[in-house]
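Order of writing sets the chain letters: A, B and C. Residues in each chain are counted from 1.
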Amino acid sequence: MKKLFVELNLLISLIFLGLTLSFPTFLAIAAANNRPERIVSISPSLTEILFAIGAGQQVVAVDNISNYPPDAPTSPLSAMEPNMEAIATFEPDLVVLSYDIGGLVKGLNTIGINTILLPAALNFEEILNQIIELGQVTGNLDQARELVEEMNTEMTSLISMRKSKVRMSVYHEIDENYYSPSTNSFIGSIYRLLNLHNIADQADKDGVGYPKLSPEYILSSNPGMIILPGKTPEYVAKLKNRPGWSAIDAVKQERFLIIDPDIGSRWGPRIVAFAKAVVARSDLDEN
Amino acid sequence: MQVAAEKLSVNFGKKSILKGLSFRIPSGSFVALLGPNGSGKSTLLKAVAGFINFTGCLYVNSARSRGLTTEKKLFSYVPQNLSQPAGMTLCEYVMLGRTSHSNWFLGEREKDYAAVANALDALKLSSSSNQLVTTLSGGEMQRATLARALAQEATCLLLDEPTASMDFARVIEVINILDELRSRYKFTVVMATHDINSLSRYADFGLVLKDGSSLYSGKFSAIMNRDFLENLYDTKIECVKNKKGYPLFFATADNL
Amino acid sequence: MEDIFRIPRLALTVSFLILGFAALASICLGATKIPILNIFEFMWDSFFTSGVNSSLSEIEKTIIMEWRLPRFVLGALVGASLSVAGSGFQGVFRNPLADPFLLGSAAGAGLGATLVIVTDLNVSFLFLGSVQFGAFLGALVAVIAAAIISSSSGRTTASLLLSGVAVAAFLTACQTYLMQRNFVSIQEIYGWLIGRLLTSGWGEVLIILPYFVFCFSIIFMYGRELDLLRMSEDESKALGGSPLQAKIVVISCASLMTAVAVSVSGLIAFVGLVIPHVVRLAVGASYRIIIPLSAIIGAAFLSSADTFARSAVAPAELPIGVITAFIGAPFFVLILKLSKGTI
């Protein structure tokens, strides 16, 4: 009963979220009236947000992993090991990043380049916050609000669709080491919103977000659906052959969801597409 | 065991260490291998043992040989610095001598243990058989190597300056034991040494090297004279005789 | 005189008892709570009677027979392999700090295996599969490189150790680079570097078992040669040993063992160093005793470490390399301290 209440609460707060837009979050360094025209993004997730809120025209360079949308100006800039000098050669007036590695923010600010640091979101709400924030900073607030509202609506309908359904258990497999995202990670938080029981939650007592599961625990918790980001059919065949796994409901009913690993690991607008895919798969045989 | 050589040479790269040595050591001799530092004594021992390559001919018991190891001859080699492996007991140490006698798969049998026990007994080491070799004194360690040679049933002993780091009394004790064993078990002893005086009562064959060449090989008594030794070591030497008439030699500083 | 090279009965009994307890623990403990009595009953039934009237569910049976049991055996084999390889290396290098991890042979095996996987080479050789052969060559090259570098700088313990560390660091860097270039997930790289036991069923066990049996038998037979090598090389020859042959054979077998173990477990540190030392301290320094006992104790140690890794934070797991290093690293320091002056 308490859980239901928490979720209801979440739902309501989500609905109001798009309307109120009053988050005292990160302080943008760029002044609102001073619209940046040369943005460099070294975060694949933030690149996706920038383009979705219509700031694409202002972006001059994105890092080497930012592959979506396809027309993003990919450059050799490293997202993992960002190099200040390499970034500066693009003469940006705003650098958008998610990890402040090696004092990057301070360094860029010293040479007069504005930065906005938006670390990995932990849940849907934070994604929306970041969208609004990027909207404000880049001068695309209206489109950002539109996007947030749209995402919110879709998510709300997905949530209400799932609400009445059986609470199916899911297992999200990253690889054979059995690390799996729990509710303390943003991908896991989506399962929570969709009224799915994520088996990784029980193993994440310390709240690290990606616990390593015991294989026999996966077996005995009998997930009804297995999410496999970017896996091949051969991988699935091998998975089915693991001893005893033929007894798992998900394997019996072939309820696997193979998703684009980028969608499943970025906190951008496409998270809604991910949620949609999850809902579609989980609704397959349920009526 | 009889050992002979004809034009035996050893080269390390361009440097020639032994230059065409020829000698003939009768079986059962106590050979004093003499020569100043760097004259090639250790190298000769290693060549005879078969640890290093040489040119020329080596004969063991009149048969052509590439060194004692290659024919699996039973011989014992005692290096200048004795190895005292940590954690090894005296009994295990002596048992290593049985390696070529015992079976690869079955390991040691009754007779191997008997041989080790006899060897330890012969060198009066039975009481310390379970002691670690690292705890043995220098003299005991030398006796341990001799016990190992006995257990091995070696017919030839190659010793590289065994007495170099021993006190007076120990030197005589070890050489005495060595000589006793030699006459009891009839093996050939080749001992590289600088200690002419201690050897004079025991050695019967002299092999003298200088700068890699053989200066003399033959009866030991023949080299026990001042002129020969002065020439060998390039120094003034004084000679005194003890009560029994054995000559004793000392280097003097007169030429400095 | 009693037989001085026979493994002391007491030590052997105790070792097997420890291994037995490790086996029991690994079968009884885990993320799923299964009553121990029911497990015993089931094990008894499946080994001694054909009756299948067990009170366990199918899933529970599968967990025991296809997950816990093979994982115990795999852990035991990897532990035994690394320990025996470690004692072999220690014997050949006459160096108590030699071990597959510190000599770089584990890292070399990893690089070799990764190269084969990444380039999709087919280099199977005799009875060796491509991956094992690649891992074997890598391990061998690493050990030889470490030995050559150290001999050119004085053949001391410190120089062997430092060159091993340098070789290992270099090879691990190559390996990580290769894995990153080929978009292997960070978790996979991390899992590999820290060591983990991956099994599902008996597949991995069947890969490693024949290599273990083969290499163990050979190294065990060379125990006597390794004892001779505790003397100088010349003395060993004079005593009837063949040090060069022994070195080649033992290094090859130890490398092969390491390679196969590493190809299923990643870099599990310190087992090969710690276990032979424990055995040496407890029962003596002859390799004819160290090698077989290291195998048993190594098996017990790694499988227990794995049981702990599986059950301490269940249903989550700890990477096993973390546990072995957690125990091994302080032990390593202790050895350094105890053997002050002698190595």
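As a working rule, contacts are C-beta pairs under 8 Å (C-beta built on N, C-alpha and C of every residue); 3 or more make two chains touch, one makes a residue touch a chain.
None of the values given here were measured: they were computed from a predicted structure.
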- Message: Which category does the touching pattern between chains fall into here: line, ring, star, complete, or other?
- Response: line
- Query: If you average the Cα atoms per chain, which one ends up farthest from subunit C?
  - Reply: B
- Just how far, in Å, is the C-alpha centre of subunit B from the one of subunit A? 81
- Chain-centre distance (mean CA atoms) for subunit B and subunit C, in whole Å, is 44
- Message: For subunit A versus subunit C, what separation do you get between their C-alpha means, in angstrom?
- Response: 40
- Message: Using the touch definition from the top, which residues of subunit C touch two or more other chains?
- Response: none
- Item | Complex interface listing, subunit B residues touching subunit C | 46, 49-51, 68-69, 72, 75-79, 81, 83, 85-89, 91-92, 95-97, 99-100, 104-105, 107-108, 113, 116-117, 129, 148, 152, 158
- Item | Residues of subunit A defined as touching subunit C within the complex | 174-179, 202-205, 210-217, 219-222, 241-245, 247
- Message: Please output the residues of subunit C touching subunit B within their complex, sorted ascending.
- Response: 1, 3-5, 221, 224, 227-228, 230-232, 234-235, 237-241, 280, 284-286, 288, 342
- Item | Contact footprint of subunit A on subunit C as seen in their complex | 30-32, 58-60, 62-63, 65-68, 185, 187-188, 191, 196, 198, 200-201, 310, 313-319
